[in-house]
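For reference, chains read A, B, C, D and E in written order, and residue numbers begin at 1 within each chain.
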Amino acid sequence: MADREYAYYSGCSLEGTAVEYDISVRRVMEALGIRLSEPEDWSCCGSTPAHTVDHLLAAALAARNLTIIEKMGFNTVITPCPSCMMAFKKAHHRMKEDIRFKDEVNSLLDEPYNLNVQSKSALQIIIEDIGLEKVKERVTHVMPDLKVAPYYGCILNRPPEIAQFDDPENPLSMDKIFTAIGVEVCDFAFKVECCGAAYGVPKRDMVNELTYKILSMAVDCGANCVAVACPLCQQNLDLRQQQVNIRKNTSFNIPVLYFSQIMGLAYGYSPEEMVIDKLVVNPDSLISSRITLSQWNEMKAREAEASKAKKKEKKNIEKIEEET
Amino acid sequence: MSDIAPKELKIVGFLCNWCSYGGADTAGVSRFKQPPDLRIIRVPCSGRIDPLFVVKALLNGADGVLVSGCHPRDCHYSDGNFYARRRLEMLKRLLPFLGIDDKRFHYTWISASEGQRWQQTVTAFVKRIHELGPLNLKEEKQS
Amino acid sequence: MDAINLTIIDRNFIELVKKESGENPYLCYQCGNCTAGCPYTTFFDYPVSQIMRLLQTGQKDIILNSRAIWVCATCETCTTRCPCQIDVAHIMDTLRIIARRENRVSEKDIKLFYDEFLSSMAKYGRIYELGLLLGYNIKSGHIMTDADLGPKVLTKGKIHFLPKKIKGRDKVSKIFERFKDRTRRDGR
Amino acid sequence: MRVGVFICHCGNNIAGTIDVARVAEETRKIPGVVYATTYMYTCSEPGQEEIKEAIKREGLDRVVVAACSPRMHEMTFRRTVEKAGLNRYFFEMANIREHISWVGEDKEFNTRKAIDVVRMAVAKVMQNRPLFSSSFKINKRVLVMGGGVAGMQAALDCADGGLEVVIVEKSQSIGGMMARLDKTFPTIDCSICILGPKMVDVAQHEKIKLYAYSEIDEIKGYVGNYQVKIRKKATYVDWSKCTGCGACMEKCPSKNAYDYFNFGVAPTKAINIPFPQAIPKKAKIDPNYCRQFTKGKCGVCAKICPTKAIDYEMKDEIITEEVGAIIVATGYSLIDMDMLPEYGGGRYPDVISGIQYERLLNASGPTAGHIERPSDHEEPKTIVFVSCAGSRDKSIGIPYCSNFCCMYIAKQAILTKDHISDSQSYVFYMDIRSPGKGYDEFTRRAQEEYGVHYIRGRVSRIYPKGKKLVVRGADTLLGTQVEIEADLVVLATAVISNKDAAYMAEKLHISYDTFGFYVESHPKLRPVETNTSGVFLAGACQGPKDIPASVGQGSAAASKILALFSGETLESDPAVARVNINACVGCLKCVKTCPFGAIKEKELRDGRVVADVIETVCAGCGVCTSTCPCGAIQLQHFTDNQILAEVNALCLI
Amino acid sequence: MTVEKLKETVLDTLKDVELVMGYQMGFDALHATPLFIRKKEDAERLIWNPLCVHNLTTYLPSLKKSRVGVVVKGCDSRTIIQFLQEGLITRENVTIIGIPCQGIISVRKVLKEIEYEPVEEVSFNSDSMTIKTLKGSKTLKIEDVWPDKCITCKYPTPLIYDYLIGEPVSFDRGVEVSQVIKELEGKSLNERLAYWQKEFDRCIRCYACRNACPLCVCQDSCIAETREPHWISQRLTLNEKFMFHMIHALHLAGRCVECGECARVCPMDIPVNILKKKINLDMKELFGYVPGVNAEDKPPMYTFNVDEVNIKEHGI
């Protein structure tokens, strides 16, 4: 039963290297009562490369998709990939600010885009439209061993004028979601530090240097896994973790999961359903301790009982001591 | 008179002495350039401005009227601009009913320190009046 | 560095950047916050704040030949923290576009990667990751780029062997064509 | 009618972009104008002489000066025409400088505009009527709002000059920000040692009445005759009994109250005396923390108090004071560190503000003058000072410089070295602003003698790494990123106006700028006056300023009031509303709208009811005039006919 | 019968007051005219029917200090409330005899229907009237010859009274905005300006509108005729006439109770009441204020709110 329906633009990465992000987001959204409608025949958003050619071209490539979504009758599109989301938001923003720019963009398109679509990250939809209450309600499983470093990446919330969501320096949306589903969050200082983005291929060394810093900070703050919301971040931190180990002579072995995978596991989906096996650094040891919420509650109740009994005993002893 | 320069239009400004007149002075002291069309009438308070002055100016041949007072709550006379706000809003809504574009009449609040805001307001308002062109309500002198 | 002659400042270049980016570089008072926050400062030949300073003095050649404008990944840290509210990342973007237009590319690999990305897009409408990587490897001459990752990616089934072609790919390529026409028309 | 017009060149200020000769020529064609001339500097003594002579020579009965803003020289020229025997209101000014020559670029347009503006002034002056002021008695008492160093200085100077003074201080003790400082730059004088004696003087001066922990509820009246309602807030301690012994504070079980005086560096007791030198040295209960209030039981202080001063039932008390002038010296605030999330102030305990560090340095502070990290009370060795933390930052709406941070950072860095000899201080700065006497030498000493490391560049991020804080900034002189692993970071947080600054301004009918700082009458020549006569400014409520500047303004404001009160009476402004009883129909709508209650109903001998203006109460806003449907009540000098004359002069040509 | 009850009440009232105002027949069968009853026998001439169009409260402010009685319809009673809001009359001095009203006629509309023939006789049935002229007789539905104000009327029963003659009635046709305003608002700015210029150009500056208006308190002091202040000259130019009507309209902003007397008395048939009605619509929208409904209200132009929720700042 779907409460709401949104357009859903997965983007190229989520069809390929980040297929687990796509699947987990779809499943989690379903669990939260959200129906997703994929625009037919969407094309690549243009991402960073288009921006190096021309602002106009970049905006046009993004806007083509927005036009399709607009014609579907949606005013919001969920865009899990921050790069696509920012491409959409920037195109929309600049077209809105400058009517002449809008006209020029539309002159490159078959059908004009009329500024009626807001693109939002899955996180934004969860926080703003669904609400933490509901996020919490849906929990069936607890993963007591997980200590997450929430890594938001650079462009999810920035620049703030365009992103219009969460804090650009200390974002908390992921933190809040994890807390709501009972996962321990570490105070991670490098939430918004850049991982090197698309330079993985042409500037691998540079990316390795940057991810090294991020992984070190994650380990330093006591995390045993990193949660991400971006396919490029995931790739750079996970797929290239071994490259970092070789280059920096380190031995990182820290799993990097999509936040949606963690949510899915808490909602009772199996690791297979969350496509955990696509991750390069294996998180099995962390998630094998997963128990159901009722088991967890029983355990907690027993603990509480025990500590109460202990207190009582202590009091009795004190009493006896006093008497004697 | 110069034939090359486009003719300036007739725009009357009613400014309260304490805030907006001071704001216009501040703009002057800071040399914030403005189009030449506006002529300023100084009044003690925007509350002194009878909407009929605006009507009179328009009927007499003004192409636009700009009124500016202290920001609400910042009136030198504590409440004058609160009365002004009601009266001027009433007029603003009546003008189009009479067939006079209410874009020709603007009222706003500018403090003595807001020289830049004054410059922006004048520039934008004069531009708008030029876009609208002359109003031509003035009658030829009758004998 | 040679002495920079400031007798004549290249106003045209400054105006061009101003116009294309919509940003005013003279708002910059050289606090250095962009340089301080930039994750790429160590990889830059000129740190961002110096690019801004060079821009204020109209040093077109130094800027367009710099590596910095290519290495910038538009992570928006500078824009977010600039106390003068300058969209620094957007200025970097603009400078990169101008450099590309003038065929001044100091970071050939990065540009090649971008070009391969866009041609993949123009061809299929979406990005064909494997094709992109292979194309890049062949053209850059770095045949072995990320070869170490190959097995991981392939065994995990994370990458498709064939491109996904969308129906509207001609529509996407038409956007590119119209853009090229427009550029030609503008005489760039 | 014989109008004379004097058009000022103002050197090149006006004549540079206005053809003044043509303005004069066109002006001569206006009916009623019998004389028009230009003059290089009309406001100069010979310029004024020229006006006086022309009045006699040409038999002028009205005068127009086309020059700068009337806000500048209207008074000057009114006096001039008066000396030549004309009523001072037979004068008008046409503002052709601020409103024309300085803002218009085209000489032709400017000239035409100037001609119009002069024509309007001529039309108005021909409608002017002679007005005469009357005098009224004044109350020579002074209200000083704020007991910081500026307010104290103003109060002492007024009181020494023989005036009675009422000080209203918001917090529990006078002393303000200066009382919190450890030392002062550039002399390293002990702050409280030099302030303390002044505080005692204030307390002991027979002409000064102090209301501490009090606020202004309402201000009514006008220069010479204000009625001020003061709210003495409940302290829950009867100060007439409290001896300031401190026994209550010692025994109070509620130990986690927020310490406003120490800016929360450490908690304090729910009943407290903020610092040893406090004046008045009286205890106050914070009901947000006191157990008697939060839990409904405790009463420890009431039991312990030797004079039985505790009164949990105490209520706010309203007192009315009558004064003739007001000095506003309400000081400033500082931004919250959480406005700068990238620095982590508020999140990381060892990132603190400059004023908090001041309390750590101070011997009467919570650490008794030992510098320690708030997190683990260890002595920091590497201390980083970040200047412009929020200042000169348009992105958070504070584009201005906070004025004194550069200097206190240098002072704090020097003191740090004195406290911890093996420490190393770093200062991130954009520019070192040290223009005062001995100031620049002081910042040099910090670097040359105390080895403080100055880094030119801004800090981008601060994040924790183990027990340390990594400060990542830029050294723009090197053109690199730099990182420092610090034990303690001190942010020179930006100076802002008080939260209630706008609210107070509205009560006082004075202006404030975009940032909430009060606006002076003239930035150069009337720095402590406001546009509301009788209200004066002193200290940082007008803009960030350091101690000597604040003290200077306090004295300046006091001297202005001593001059104002040199006689027994003041002259009233005759530009007030006046009722034409023949036209008044007695509908009394003016009574409803007058903001000052200056209009009363009056019954004439024939039984007709008309409106009647109380001249001393009327402030001259003219709301009544634009309310009156029959034009019977007219604000003098801004009558309907005068304004209509201007409208017509402009439009009907 | 209503008239009998009315006479009774008037006579009763006359014991306490100097004067009671009501209606009597006028110069022909189609016109009523005010009746000033000072003596018992005057009351004999009292009538009550849809010809009683005048707003008799107009005289009240000039009689502020006298004790008077007045016969009012629902619409007229609003004037009294407005007077009370503005302190123009003393409530204790006025005895209000209210009559619930089913709508009155517009003489102008009737005359048009009978092609301006001299009227010999008029008779009323429950909802129609029959007019006899030389050319025969004609029956009209009263509704069809209502003046504008009856179409938008919301208060047929007086809102304030000391005596009520007859049972309260209520009708509300659900019409808020009169047809003329709707039509004008559908026109372009230039068309509207031309409309008003054409209407005002016919004005002969007789000031009948002003004199008939109960709320035009200035009367002899009206700034349309003074030199101190000198708002307009006595020239008969279009702009001077335009200005006069603007003075009239703006001085009634938020005060006009829409009694329609100004338009009724205009010899040139200029719709002078429309401007005030339009302002009233704005007053309702901006301040939720309807004139002459609640004696405790404050006329919106003589008061303010620090935060005006419905006034938005205008950009350029």
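The rule is simple: contacts are C-beta pairs under 8 Å (C-beta built on N, C-alpha and C of every residue); 3 or more make two chains touch, one makes a residue touch a chain.
Predicted model only: the values in this text are computed from it and were never measured.
S.K.: Touching both chain B and chain D: give me those chains, sorted by label.
M.R.: Neighbours common to chain B and chain D are E.
S.K.: Work out which chains are contact partners of both chain B and chain C.
M.R.: Under the touch definition, chain B and chain C have D as mutual neighbours.
S.K.: Could you split the other chains into touching-connected groups, assuming chain A is not there?
M.R.: one piece
S.K.: More C-beta contacts across A-D or across A-C?
M.R.: A-C
S.K.: Report the chain whose mean Cα position is at the greatest distance from that of chain C.
M.R.: Centroid comparison gives E as the farthest chain from chain C.
S.K.: Using each chain's Cα centroid, which is most distant from the centroid of chain D?
M.R.: Centroid comparison gives E as the farthest chain from chain D.
S.K.: In whole angstrom, how far does the Cα centroid of chain C sit from the Cα centroid of chain D?
M.R.: A distance of 50 Å separates the two centres.
S.K.: Starting from the mean Cα coordinates of chain A and chain C, work out the distance between those two points in Å.
M.R.: Between these chains, centre-to-centre, one finds 26 Å.
S.K.: Can you work out the whole-Å distance between the CA centroids of chain D and chain E?
M.R.: 54
S.K.: Residues of chain C that contact two or more other chains, please.
M.R.: Residues 42, 77.
S.K.: Where in chain B do residues touch two or more of the other chains?
M.R.: Residues 56, 60, 73, 79, 83, 87, 138 of chain B each touch two or more of the other chains.
S.K.: Provide the list of chain E residues touching at least two other chains, using ranges where the numbers run on.
M.R.: Correct list: 231, 301.
S.K.: Show me, using the given definition of touch, all chain pairs that touch one another.
M.R.: Pairwise, the chains that meet the contact rule are A-C, A-D, B-D, B-E, C-D, D-E.
S.K.: For the complex, which residues does chain E have touching chain D?
M.R.: Touch residues, chain E against chain D: 65, 86-88, 217-219, 221-223, 226, 228-231, 251, 298, 301-303.
S.K.: Quick one: in the complex, what on chain D touches chain B?
M.R.: So the residues of chain D touching chain B come out as 69-72, 95, 97-100, 102-106, 108-110, 112-113, 116-117, 120, 502, 505-506, 509, 511-514, 519, 531-532, 575, 593, 595-596, 619-623, 625-627, 635, 638, 640, 643-644, 646-648, 650-652.
S.K.: Considering the complex alone, what residue numbers of chain C touch chain A?
M.R.: 20, 22, 39-40, 42-43, 71, 73-77, 79-80, 87, 89, 93-94, 96-97, 100, 107, 109-115, 117-118, 121, 125-127, 129, 133, 136, 140, 145-146, 148-149, 152-153, 156-160, 164, 166-169, 171-172, 174-176, 178-179, 182-183
S.K.: What does chain E use to touch chain B in their complex?
M.R.: Residue positions touching the partner: 181, 184-185, 189-197, 231, 235, 237-239, 242-243, 246-247, 249-250, 253-254, 275, 278-279, 282-283, 286-287, 300-301, 304-306, 308, 311, 313-314, 316.
S.K.: Which residues of chain C touch chain D in the complex?
M.R.: 29-38, 41-42, 46-47, 49-50, 77, 81-85
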